[in-house]
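Shared between the two complexes below is chain A, which pairs with chain B and chain C, respectively.
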Partner chain A sequence: MTSETMTQSFETISDEAYRDLEAAVGAEYVSREPGVLDGYTWQPTINDDPAKWVKRPVAVVLPSCTEEVQEVVRACNRHGLKFKAFSTGWGVYSGCTYDNVVQVDLRRMNRILEIDEKNMYAVIEPYNCGAQLQAEAMKLGLNAHIIGAGPACSPLASATSGWGVGWDGVYMSYGHRNLLGAEWVLPDGEVLRVGSLDSGLGWFSPDGPGPSLRGIMRGSAGALGGLGIFTKCSLKLYNWPGPPHMKTEGVMLDAQTEPPEHMRFHLCFFPDRASLDEAVYKMGESELAYIFTRTAVGAYVNTFAPHLLQNVSRTRAFRDVLSKTLKWGCTIILVGNSEDEIVFQEAVLKEIVSGQGGLSMETMQAAAIGPMMVMNFLRVSAIPMVFRAGGLFSTALARNEAWDTQMDWAEKGEKIKQRWIDRGGILDDLADNPFMALYEQNTWGHCEEIFQYNARDPKHLASLEPLFVEFSVAAMEMCMEPLSVTDARLREVISPMMGHYNEWQKKISLFLDARRAADTGMYCDEVDIDLSKIDPEIRETLDRMVAKLTWSEEGPPS
Partner chain B sequence: MALADYKRDMEGCSRCSSCKWVPFNQIKSWRFAKNCPSICRYNFHAYSGSGRMIIGNSILEGRSELNDSVAEIIFRCQMCGACDTACKVYRDDIDLTEVLLELRAYCIEQGELIVEHMAMIDALKREDNVLGEPKARRGEWAQGLGLKDINSETCEVLFHAGCRYSYDPDLRDTLRGQVRLMLQAGVDLGIAGAEESCCGGRAYELGYRGEAENYADDLLSRVKASGARTLVTPCADGYAHLKFLYPRMGKELGCEVLHVTQYLQRLAQQGKLRLRESVPLLVTYHDPCHLGRMGEPFLADWREDKLQRPMSLKRSGRKGIFDEPRDLLTSIPGVELTEMERIREYSWCCGAGGGVLEAWPDFALWTANERLEEAKATGAEALVTACPWCVRVFRDAAAESGLELPVYDLADLVMLSAGITETARA
Partner chain C sequence: MAMDKDKLSAIVGSENVSEDPDLLATWRQAGPVSGGEPQLLVRPRSTAEVRELVKLARAEGINLVFSSSAPPRVRGDSVPAGEAVIVDMSGMDELVRLDRRNKVALIEPGVTFERLIPEVDKAGLKVLMPLLPKRGKSVLASALEREPITIPKYHWDMTDPMLCTELVFGTGDLFRTGSAAGPGSLEQQWAAGGAQKNPMGPAQTDFVRVVQGSQGTLAAVMWCTLKLEVKPSIHRIYFVPDARLSRLSDFTYRALRPKLGDEWLILSARQLATVTAEDPSRVDELAAQMAPWTVVYGVSGYEYLPEMRVAYQEKDLAAHAQAAGVMAASEVPGCSAKRMERILASPSPEPYYKAAPKGAFMDIFFLTTLDRVPHFVSVMEAEAGKHGYPPERVGTYIQPIQQGRNVHLEFTLYYDSADAAKAGELFTSASQALSEAGAFFSRPYGPWADLAYARCPDTVAALRKVKDMLDPDGVLNRGKLCFTREVV
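Here is the complex of A and B:
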């Protein structure tokens, strides 16, 4: 079949370039079949473009090792093609943003190369998923951070290339903070090894004696494939005092996990936000919690029983109970190394909670909630339930900050969402649907206001871009870095207000990638956005901010 | 239904890739974390449940076309349902297996045919079985058993042997043993003998729906004539089709349909089947896809927005037959059961289904060997299952790979314990 016979036409790869790709990885592992390519083109998750199809790659390759990745990248350089890495493929970030891109599907590079029990780290390849790493680590009394997007995701990708937040951050930190070393195929095909690995000393240290380049290779949000391909990395592992295998029957809503020793699952509720905030700070100072997240009961009901929520939310009394009475809560899993320790932890928790006028309910030993939910939190396996209500969701996040700033963001997000719920633009989830986490005790926190929508409802699809802009403007108003820093559509507008950050990124890109072979759309480039669809008052706010906050060549505005 | 009727399912794919993994709470190791043989073997996303839905959507939107290569991708799949079960952990609004079936039917409509499947369908039309064996020899397996002939007599229980069991000489002792167990328990049992035909389920899976309907009508009339109140089949494939496909097509058999393991377990519970002899063996049990997750009974179709579909009508895979075979197995004195990592509704497929064994036998054997390795990892001395297609491909795979693990039909062990002297073999 040729593209001429199809209704739509797409860019194609030359035979010569295709042969070079075949030579790099073997003919069996290359395809330019349009149907196969579209498997990498349909990227609906956290994609605010109603079309959901991103740019179709001209070919997809499946390398099996670093050397093959290098050959693919060199072939792309030779033929004037771009390339974009693809690991487990969760979210629009995995897709191509330019024409003439070769998608490098790293699925065959899927191994756990090493788990160093004594030094508590694992060396993994790109297609190893969070659930696999955790399952193997737990056998050795260790555990691995799993990001909020869930256990299907690649820990390598979130550590080296993008984001990295999760419920277990209070104990197991954040993706890039756990990165101890990486093997990095640069955009010209050369391999760079960072951390102690570069000096042949193994994978244990990110900061030397080899070069520490974490700030360049990923920074805060990640280069999202714009600076090359990461083929191996070493990740810090953490203490796991639980059993080698969490014995569980059932798969999700029917799941029942045998309660392990020295583990408690607490649901805590507080009379108001101030008491919740105070309790959270105290919990952090006390170094409590293995898993921590804020609990919005309405969000839980919406996630696990969307039909039920749709029915009860029509009744004002139930709606108030869910959205107001139980509004200020958190979920905490405590794990101790001994009975004495868990008893102590629980006593501390109870004192903190009662000291703020709250109440806490232990549900692991005494009730069914803990055994049903504990794996959903430990393995982050409940996350894709967010698709259930309407098929898709997106998120509003602002850069990680202190807990109370994140709570401000949650309240702001709730207000914005309520307005869009009222106008029928997104699904009604009682507006407050936060994904919140603490990091490294309470030094910083994370909040995303999740919003769900019906993937087949044109009205919902039409809301996505205006909402995206509105959340970005709101974050900027609060002096927080919006999600849109990784989105080409708003960079032209927001970058000048943030020190022209993407111009610096472009300099890094050019230094490492003179031929611009990497697909840098997510990393640093800009595309036009039609702001005419944005609400006039949001547009006015944006214009006012641009006038006030844009950096000049001399520096920030006075 | 047509492919376009499943557009909402296909465009509902969030591409989360849950369809490629064992439901996450049940992942116990790196090695056995994946659930889909097709994507594991061929790697491109197109070979996953999600990937095939995207292909369907792409074709409907005019972005790509169906051709030989795409048809091969669509058919290199055992139709085992693992992707559907994993997807439905999170989704109420996508029926992945139905999309895959619809894609196959679309291929047939468009003339994109797999040569080996055409040969299979030709054989089916000619001899009424998918193996192409002579129809006249279909009932030979029952010689000397004294079974009623439903073509001339009525009976309480109709035994539908299925294609594989009827003709595979390697499985003949097992089949005869199953019948002898029932006769020993005093069951009034009849068969159609040479007049028995394929259930038509495999034809449906290959996209040849007209043939499937014809065979359903044939079996329907046979059941009515027999007067049977219960139909028992040892074929897991057939069981799923009789429990789900037939009622969905509006072909109500008007009798209870049971898999032979269910029926034997019932007889054991009633004390009519006595398992006295010890069979000292550490075994692991393989859930056949079509007895397990695909073996759910049909309840009703839901034509409205699937986001609003009652949970009770969602085909989640959990209501298949999982416990009865295990209960029967563990009721045998001396048998000890050790479970594999992937079991019940998240079981790994044997590799034989969906026309793969016939068209791509290397892929079928590769899939079976993956399962044999998982079974071996449990430390079990034998693999036990309850489907003739599974037994066949496991034995062939073990022979090919040299992996030493005896493979038994569950009935083989029941026979040994009940003192039935048909020779059980592995």
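Here is the complex of A and C:
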């Protein structure tokens, strides 16, 4: 969302254009009914002014195949309309940022087209969700990376267009790095197939011949709908040594699942940060973990039982136990392919933890906890419960990098949040509420600082943009790429600190989209931001960062 | 093309400009690529000098061909299509930073495997190696060209082991990729704990992927960070010889899915003999004693309970081997496990191991999936038969990559001077036949470019737009890949 677009719009589509959309997908799959359109103006996450919502599209279409997507995009080109893809939604970035946008809702394209069991990949459509893919993969002894947004979200969307973080990243990598091929409807309506697919050789290899077009289609973040629509993709699957069907009764916190034989769930606690950090590096070098996260204990309580946390946090002793005594912990799920392997993994984990003065609790076999936690972790069902505390949440992400930097970011985030909690600007979650994960056996780490708020509380709403700026400035100070690199309000400031990346994004947009048909609000647009509501000290720091970090003609500052 | 030596000297210094014909000769021909007409060679010492060279090239219409490795040159990507100035990057050879905690090195293009391996070893780490790289091969160039590494479990994505880079585009613009992009200089990032480990970005770009595999046509790489891994405390090598490739494929699929093993490669008898022979004259004799196919794999223990790790891996792998109907051994004719361990951790001896047995060789390599390998082997055998080429002079190397989801399949034609013409004919016809059979020439050197790009016109159209954006005047390695038109 951008400052400019934070106003309601009620622009309508011409009858001629509407007829073209009907011709593209069939009359029953197009709508311009205001009630239907308003359904697309609400996306819950990373929305720092939910009172105003996102732009209302002028029409919504539901294509069933790539050819229909092409026809929709061509119709938009003909009529001077923009288009924006929508698969399973979640964040404000799924919504429109211009007044004349046709929302292309891909929910009819929901199939798993192929699972290549031997070569460990699946070909899926945009509305296939993580839970569906995982369930089918498990039948073949395979598993799928599910992002932190949860099992209802589209793996295609994160791998091609969004981010791709998940706590299984330690074993199953990151959305973009799991991509093996993509079918991409460009903003002019032509189809580009990425990798071996375009040579008619299947979905197995994403790069080449020669340079990889994957580097144009996205970066660490996707183009968020600004470069076209992805209609199919091939994603890596990973080993799953558990049963083909996870026998489960109930859902969410009532779930009871029979834990797989060679799975262990450890909650580990350390006396201080240094020992936790050391243990994480040792775990990475030992190639442990199927799932890893550092999520504060208070955050677990906050997620699973928010009212309980609000009550107990008023008691100093409980508060201290949650936010201090148990502060330096992590959760690690081990999965073995054999009895010997799981015994080895547990033995190593115990040595690492005890060597750092920590303690570890295996809870998988505990009747009260294990059966409830299995699918909440494996299928990432638990994370969406973060909405329960206040109704909404947002996040402060800085560049994924070496684990040490992520812990620094967590500590910085906690300090920033505590100030805003103290002044009543966001919910009190004990401040230490990071979502941290590892990638590829700790090749790098991830930390995003979660903060929750109540959209009906004016003080909370007034805090969101200042918090967004403060977190961005903090990331700059720590030489970390802030999440706001994808936000039109700060691109103009941050891009010159990072090799003028947005100038290159504008060029990519121009060569793929000469008629400006894609909604580029989340990709390369720049808008002014009103900094008058920002703390003068933060503004001053921002000015200092601009002076210190902006690249000169010679390159980055020395 | 104008070649103003004075202007080049003004940038890099006259002592770093050469027109020595003997020196330039190695860029005239390589493998199947010939016709190079290098006019001058320059040796820049800094990014600033490279940027000035690119600016001069744009102004003067000079074709710049970047090259980092020592000869022999075998693929032809650095053989110019016509006249060119060779930009020899081998002098930029600093190992800028080695970070043990984060298992990463920052290296310049001139750092070779021979130089890097002992430095990394001292830190208790290991370089993720291709199989027997040339001793003077640039580590950066190897990663930039997506040469396959021998440990599939560490090959998560095609960019591995390359992480972040500094680029000079054909526009002359400087850019940094991944977390190296900042904000902040490298020094500022290091002070903040950064290690340039995240290869993606910055933001919504991923130019490192665009530049990898581009054969120097889009940007020059000034440095990169390289992912390293822990040196095992116990490391054992096993051989699994068998007459049937299908059984070894089955074994490989079973083992790689649960990420068992470290090194993992499959070699034909000819190739294994060539790789392992201490005396190249004995390759024929050794190959005759070996099984037609052999899996070579390693198992490792690290800091914690290394014996226990090796034990469970050995046990689980033995179970998979039994299920596949194969059996591991600790040696093959002429090579012990210990010797193989050294081979896998070293650059090639001199002369380059492939050139040693017959004096010359040509490689044909591409990507496919393991289950399709037998099909390509049949195509290759048929082509060799058609040309009367002795089958025992074709070696086959199968390298699982992307944790087993793909393989790099490589056929090597060994020949002496008397067979050169026949080998050349086989190279051409087999490349064509393999392409028609579905070979994905993801690294399309020389004549493979036409084969590969004929199959994907939409990709070609997109790549030409990328070329126009990053090298609008066509000054970088002109005429390579699908960039036969300079400005699109």
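To be clear about the criterion, the second predicted complex is superposed on the first by the 534 of 558 C-alpha atoms of A that agree within 3 Å, B and C clash if a C-alpha of one lies under 4 Å from a C-alpha of the other, contacts with A are read in each partner's own complex, and residues count from 1 in each chain.
Rule of thumb we're sticking to: a contact is a pair of C-beta atoms (placed from the backbone, for glycine too) under 8 Å apart; a residue touches a chain by one contact, two chains touch by 3 or more.
Computed from a prediction, not measured in an experiment: that's the story for all the values here.
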Clash or fit (per the criteria above) of chain B with chain C on chain A: fit
Chain B versus chain C as contact partner of A:Gly555, first or second or both or neither: second
First (chain B), second (chain C), both or neither touched by A:Trp444: second
Contacts of A:Pro151 with chain B and chain C, given as first, second, both or neither: first
First (chain B), second (chain C), both or neither touched by A:Arg108: first
Chain B versus chain C as contact partner of A:Pro260, first or second or both or neither: neither
Chain B versus chain C as contact partner of A:Gly39, first or second or both or neither: first
Which of chain B and chain C A:Ser196 touches, first, second, both or neither: second
First (chain B), second (chain C), both or neither touched by A:Met120: second
Most chain A residues touched (candidates chain B, chain C): C
Superposition-derived minimum Cα distance between chain C and chain B (Å): 23
Chain A residues touching chain B - in the complex, by the definition given at the top: 1, 5-8, 10, 29, 31, 33-45, 52-53, 56, 60, 62, 88-90, 105, 107-108, 111-112, 128-129, 131-133, 135-136, 150-152, 245, 248, 250-252, 254-255, 257, 306-307, 375-376, 379, 381, 384-385, 387-392, 454-456
Residue numbers on chain B that touch chain A, as the complex places them: 8, 11-18, 20-21, 23-30, 33, 43-46, 48, 50-51, 54-55, 57-59, 62-65, 67, 69-70, 73, 89-93, 307-308, 311, 318, 345-346
Of chain A, residues touching chain C in the complex: 116, 118-121, 141, 173-174, 176-177, 180, 190-194, 196, 198-202, 204-216, 218-224, 226, 236, 239, 241, 281-282, 285-287, 337-338, 340-341, 343-344, 347-348, 351-352, 399-402, 404-405, 408, 440, 443-444, 476, 478-481, 485-486, 494-495, 497-499, 501-502, 504-505, 507-508, 511-512, 523-524, 545, 549, 554-558
Chain A contact footprint on chain C (complex, rising order): 47-48, 101-103, 146, 156-158, 174-176, 179, 181-189, 191-195, 197-198, 200-215, 217-218, 227, 230, 253, 257-260, 302-305, 308-309, 311-312, 315-316, 319, 367-371, 402-406, 438, 440-444, 449, 452-453, 455-456, 458-459, 462-463, 465-466, 468-469, 481-482
